[in-house]
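A, B, C, D and E label the chains in the order they appear, each numbered from 1.
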Amino acid sequence: MKIIGIADTTFARYDMGSAEIDELEHTVTGFRIIIYTVPGVKDLPVACKKLIEEQKCDLVMALGMPGPKDKDKLCAHEASTGLIRVQLMTNTHIIEVFVHEDEADDDKTLAFLADKRAREHAINVYDLLFHPESLTRRAGTGLRQGFEDAGPVKQK
Amino acid sequence: MKIIGIADTTFARYDMGSAEIDELEHTVTGFRIIIYTVPGVKDLPVACKKLIEEQKCDLVMALGMPGPKDKDKLCAHEASTGLIRVQLMTNTHIIEVFVHEDEADDDKTLAFLADKRAREHAINVYDLLFHPESLTRRAGTGLRQGFEDAGPVKQK
Amino acid sequence: MKIIGIADTTFARYDMGSAEIDELEHTVTGFRIIIYTVPGVKDLPVACKKLIEEQKCDLVMALGMPGPKDKDKLCAHEASTGLIRVQLMTNTHIIEVFVHEDEADDDKTLAFLADKRAREHAINVYDLLFHPESLTRRAGTGLRQGFEDAGPVKQK
Amino acid sequence: MKIIGIADTTFARYDMGSAEIDELEHTVTGFRIIIYTVPGVKDLPVACKKLIEEQKCDLVMALGMPGPKDKDKLCAHEASTGLIRVQLMTNTHIIEVFVHEDEADDDKTLAFLADKRAREHAINVYDLLFHPESLTRRAGTGLRQGFEDAGPVKQK
Amino acid sequence: MKIIGIADTTFARYDMGSAEIDELEHTVTGFRIIIYTVPGVKDLPVACKKLIEEQKCDLVMALGMPGPKDKDKLCAHEASTGLIRVQLMTNTHIIEVFVHEDEADDDKTLAFLADKRAREHAINVYDLLFHPESLTRRAGTGLRQGFEDAGPVKQK
């Protein structure tokens, strides 16, 4: 039985955690989920570390929605740097699922994108935990989450 | 009995610490507060670490008011990076309450914003320490501190 | 028998890992390869750390293709910072082979560049593992991978 | 008897260390000073760490004068990040006293500013070591070092 | 007998290592040198750490020549951050001698600058290892390496 942690925020404007859980439950079996909600993205690194060390999670998803201002972009950068540090302190994957508010032109598209990106990352979680060789088969194929895949490039 | 640390600065132009304490005392019981004042935001990370490790704080609030210049923004970035590092070294939350001087157009608004943001974060402190499930109920709802909430977005 | 790790991504649009392996197998003997594929460049640091610590790799190649947006550039920066941190935590070299999507004007050139850079780094891997004195003979000679060598400069 | 470390550079264009020592000797008793001079600001973090760990300093002042170019600003950022890291590794305060060359319009003003900032930080050093409650009394009052204090803001 | 490590790159367009060694041999006695060459500046941090920990170097010089593009500047920043981290992990000085390609207008000047900066840092290495008090005598005097000294500023 694998334990998947989900760390999310009250700052985000879409409940990506519920989308993620819904998708995982329809895709995977043999796991249980622990949720940890914090105010904003800068609170995510320590939440993820506690999920891994105190709750024994095998993998954590860090869900956040950074705002559109320069200040917000810097917050996201600080959070991402922290999330990588946690992974190196624990030898455990944290899948960062950030949707920047300015990636979408209107609220409806933002909700759609957040939902889709959260759901598409469920496959990565599943593969990292149970079928890592499946990821290797798709190496270098230009996959994207939320937007259309970019696809591979060829020399001729 | 929980111990809440408050680290603040002489550089800040508003006494957010007193606002924070006033709000906490009107909202929460079962805790005591330890204050640690330093010159500027770059001195906050080690102050928070000492509050956690030497004063056994269960959670710390880091209050600061970065100036408007590029140099000040970089100081804030360095401080924030340090605050995240402290959290990862101690598995303890630090709630960063920074109000940038240029978030407000005049001194009066700046004071109002600093006071309000400090007070609204008291709820996050309370929930993280005593009622974490309450944060999860508000996940993805677009909450803000100091300014009006952004609110959630919907797909339809 | 040396063990070479290759960490790559499904985000990349060219399978640099296969090019790398093909080149290594034509150049070097006395090694075996372990592949670890992750979604994107920010997942590479922990993958490399696991290859070194759990799979006992003597050297790891981190292959990635950051996108052209500001957000993508920042991801690459965060990944690179993490890759250096892993090296310092393990005293093991990680050769970062990143090809930025905007280094090439069209898809075909991008594929060509990714293939060539991956292959040319195979020599560095070989030398670091088996013939470090060969690198010292080429110190300060302006070598490049993927593009033409810049060559040395002289005082007269 | 407290030990105060002073780390300074040959790159700086004003001997802030002597100003600092002069001011400390006129203000404080019950301490002794150890000086450690390095080439530039990027050499300060390890100098400070050695002052704390090898020379048993209770607090260190890091004195530097970053140049006006983008490259110099980045050096200052790297140094500051390192100084915060040292503090977190040692639970010891380092008071960073940096004067950027472009903070002053001419050489004479630069010398004046460097001298004044170094001297005004002596008070912070004194208070952190001997009278921390004095800093708390001045929390949120908009103090500055070198330039005129900004002063507090009020809601009405 | 002190051991001085020299870490350099095949990316650099001038053999600063040989200049450094030539200068050290004409200036200092009582030391021996170990060279470690890597592909680029981002490989320098781990090379320096290995020189210190595995080869017992008392001080290391990190020689690099970052390219002129934004991407190159970022590489230099990541390398510098790593070099500071190594120093803090080992309590050992690393003298970073980076010459940015765009510091010189033509190849000949670039070679001249790289040679001169490498040689002038030999004095810093000598003083840090054998005569630290000599650096303190020159504190705050505006020394530069490669370009003309800026000199001290005075209040009157």
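Rule of thumb we're sticking to: contacts are C-beta pairs under 8 Å (C-beta built on N, C-alpha and C of every residue); 3 or more make two chains touch, one makes a residue touch a chain.
Remember, predicted model here, so these are calculated numbers, not experimental data.
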Smallest count of steps, each to a touching chain, taking subunit B to subunit E | 2
Chains contacting each of subunit A and subunit C, listed by label | none
Superposing the Cα trace of subunit B on that of its twin subunit C calls for a rotation in degrees, to the nearest 5, of 145
Averaging C-alpha coordinates per chain, one finds the centres of subunit C and subunit D separated by a number of Å equal to 41
Round to the nearest whole Å and give the separation of the Cα centres of subunit B and subunit D.
-> 25
Set of subunit D residues in contact with two or more other chains = 81, 85
Each chain touches its two neighbours in the ring; listed from subunit A on toward subunit B, they are A, B, D, E, C
In the complex formed with subunit C, which residues of subunit E make contact?
-> 8-18, 35-39, 42-43, 45-46, 49-50, 53-54, 65, 71, 74-75, 78-79, 81-82, 85-86, 89, 107-108, 110-112, 114-115
The residues of subunit A that touch subunit C in their complex are 73, 77, 80-81, 83-85, 87-88, 91-96, 100, 121, 124, 128, 132, 135-136, 138-145, 150-156
